[in-house]
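Next, two complexes with chain A in common: one pairs it with chain B, the other with chain C.
After this line comes the complex of A and B, so read on.
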């Protein structure tokens, strides 16, 4: 299954919604969508929120794409916030102890506040 | 309409048939798609007595029609300056709907896009536009425009042009398949290279230390993941044992792993303990991060005299320890994040004591995520149960695990490397 990506402009910046499998084959699509967001939000983007509630599977290439997104955010002073992690994504994050490096929120509303 | 005698009609049919045979020969004679399409359109223009002909291919990324061939007085200008969106103009409409269109006067069609004529000063009148199709997939459209004798194209012309376009579509499909075959061959070569890089960095032998047994196994995945392991002889009484897994696969993962492995080898000697080695390594990797690549890694320092283990864990699966009494537990469960994500992260370490008969099992996720032909996972529970019931001797335990995983997966190709390192004190 390929990944479906939707990008939404929100007050704080952008909301990226991912649906399906974020893996070796599809992570380049996510990377392209993020690059487009960084291009558009060059000035004044406070945060990039990523909704992971519909992600069925994520491998290390998928995580690397999120890492790259976070590193790009750090360079521009924006925040990368992950929200609504689906159970498979939550498992991957727990196993690899990724919770300490990403900002993770239970809901999009939570992730949108305090920016 | 053109009025032709029966004889002239017959002659025309023969000529058209010969053209089709000629074009058929053309498309199978070469794999140079640009040249083939140029020739097919030149022949179409000539045999259909057209003033201009063109062929556009769909750019899958932008969903636009891009001129591949444009023959006629304004052809070059068209090629350089114009593109059409799917659904835009006559060509865009035919590309979207997949149905051929014969127009006696293009200007009467509501979809006709006059911008090209306005920009070039050309006046389009009669035209035929045909989709290039392979099965249901549309790859582009071809057009012939304005008969040189001033008459309009008719149903016979349409029929002939459809046949010619069918051949152009075959040529496009052949070229696409050839390209994909070449890409596959290149990928296979890349994978072989990645495998060579990867394997050249893995230890060729296991350490030989009195009263200890070390055993290791590595199976590369079909696409070559980024697993690695290493033994570092620190001094007479200390040895470093490393296992890790780089994100992603193929050449990038193999090269990242090679660099990481050599950096860790240096830091293992210069830093005071495993936690500070990983701390430095993490910052080095994060500062030169490319494409978000990272690695999970477990670094164990073993003092051979006392059996003391100092373990620092960067997001890797906690190792198992099988004690001499048969019990099985996890070590270094409270680890830090993977390496290379954020500079300046702190890493902790924990210690444990290895007694006679104890065996430590380090492994990568390729083992517990090994999959059989029913897409079922080998799984952690099965793994732990096997460690529990197997002989604790490191060599025997390693073999038992590999055998059991292979039995489970059968001949299914695996998507991740499988790496296993077992070591312990001889009873």
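After this line comes the complex of A and C, so read on.
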């Protein structure tokens, strides 16, 4: 089961949309997509927004990938903002108790503001 | 199947190739069985996650990334109780090193064992067989 990844350039930086299952089989694809964004947005990227509304499943490798993304954002001075967490993603965040670690927004519009 | 008390108890066995592309097959099979056992959807999603993490650990640690092996799941479904025995024939874990990591450490990795321990009431590793490990996971409905 693959994850569909869409990358959009937005004013503040990039919007990454994930659709499907982010698990041990597919999280490396997300990591690759993020690495490409960090390469492209090396200068001037204010934020990376990740839309998680269409994620049907996420495991610990998906969480690890998001943590790596956050650490890479911190290195470049950008913000990582997560938007529209689907119920399965909320479950895994709840179990990992990482909700306070990430910036989480109900909508992409909310996540885009104040950047 | 019916037990001594007249309760229905079914056992479903899955034999799965150790390639991570088949993890979704395990998840797809587990979810309706957990619902069948009477757990609400939110609990069912967490149980599926924890079983998936146990399977991922077999692939990563017992088989050390060898995608050509197989492992099995014996799933017992009864009203208000879900149990699964995962059997592999790979490297045995060092039981003294299996521990959920501290959640205040914000770093990638190490979360799978925490999820398993947080979701299931009983987590038992049996390494006494000749080869491999049997991991028993049990969840009772509250």
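Convention: the second predicted complex is superposed on the first by the 115 of 115 C-alpha atoms of A that agree within 3 Å, B and C clash if a C-alpha of one lies under 4 Å from a C-alpha of the other, contacts with A are read in each partner's own complex, and residues count from 1 in each chain.
Heads up, the rule we're going with is that a contact is a pair of C-beta atoms (placed from the backbone, for glycine too) under 8 Å apart; a residue touches a chain by one contact, two chains touch by 3 or more.
Keep in mind it's a predicted model, so treat the numbers as computed, not measured.
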Overlay on chain A: chain C relative to chain B, clash or fit: clash
Partner chain(s) touched by A:29 [first = chain B, second = chain C, both, neither]: neither
Touched partner set for A:68, first chain B, second chain C, both or neither: both
Contacts of A:87 with chain B and chain C, given as first, second, both or neither: second
A:57 touches, of chain B and chain C: first, second, both or neither? second
Partner chain(s) touched by A:97 [first = chain B, second = chain C, both, neither]: both
When the two complexes are fitted on chain A, the stretch of chain B hitting chain C, from 243-251, 351-359 or 387-395: 243-251
Set intersection of chain A contacts, chain C complex versus chain B complex: 24, 60-61, 63-65, 67-68, 95-98, 101
Of all residues in chain A, those that touch chain B in their complex: 24, 31, 60-61, 63-71, 95-98, 100-101
List of chain A residues in touch with chain C within their complex: 1, 21, 23-25, 57, 59-61, 63-65, 67-68, 87-88, 91-92, 95-98, 101
Complex contacts: residues of chain B adjacent to chain A: 223, 245-249, 289, 291-294, 296, 315, 317, 335-338, 340-342, 345, 365
Of chain C, residues touching chain A in the complex: 19-21, 23-24, 27, 42, 45-46, 48-49, 52-53, 56, 59-60, 103, 106-112, 114-115, 118-119
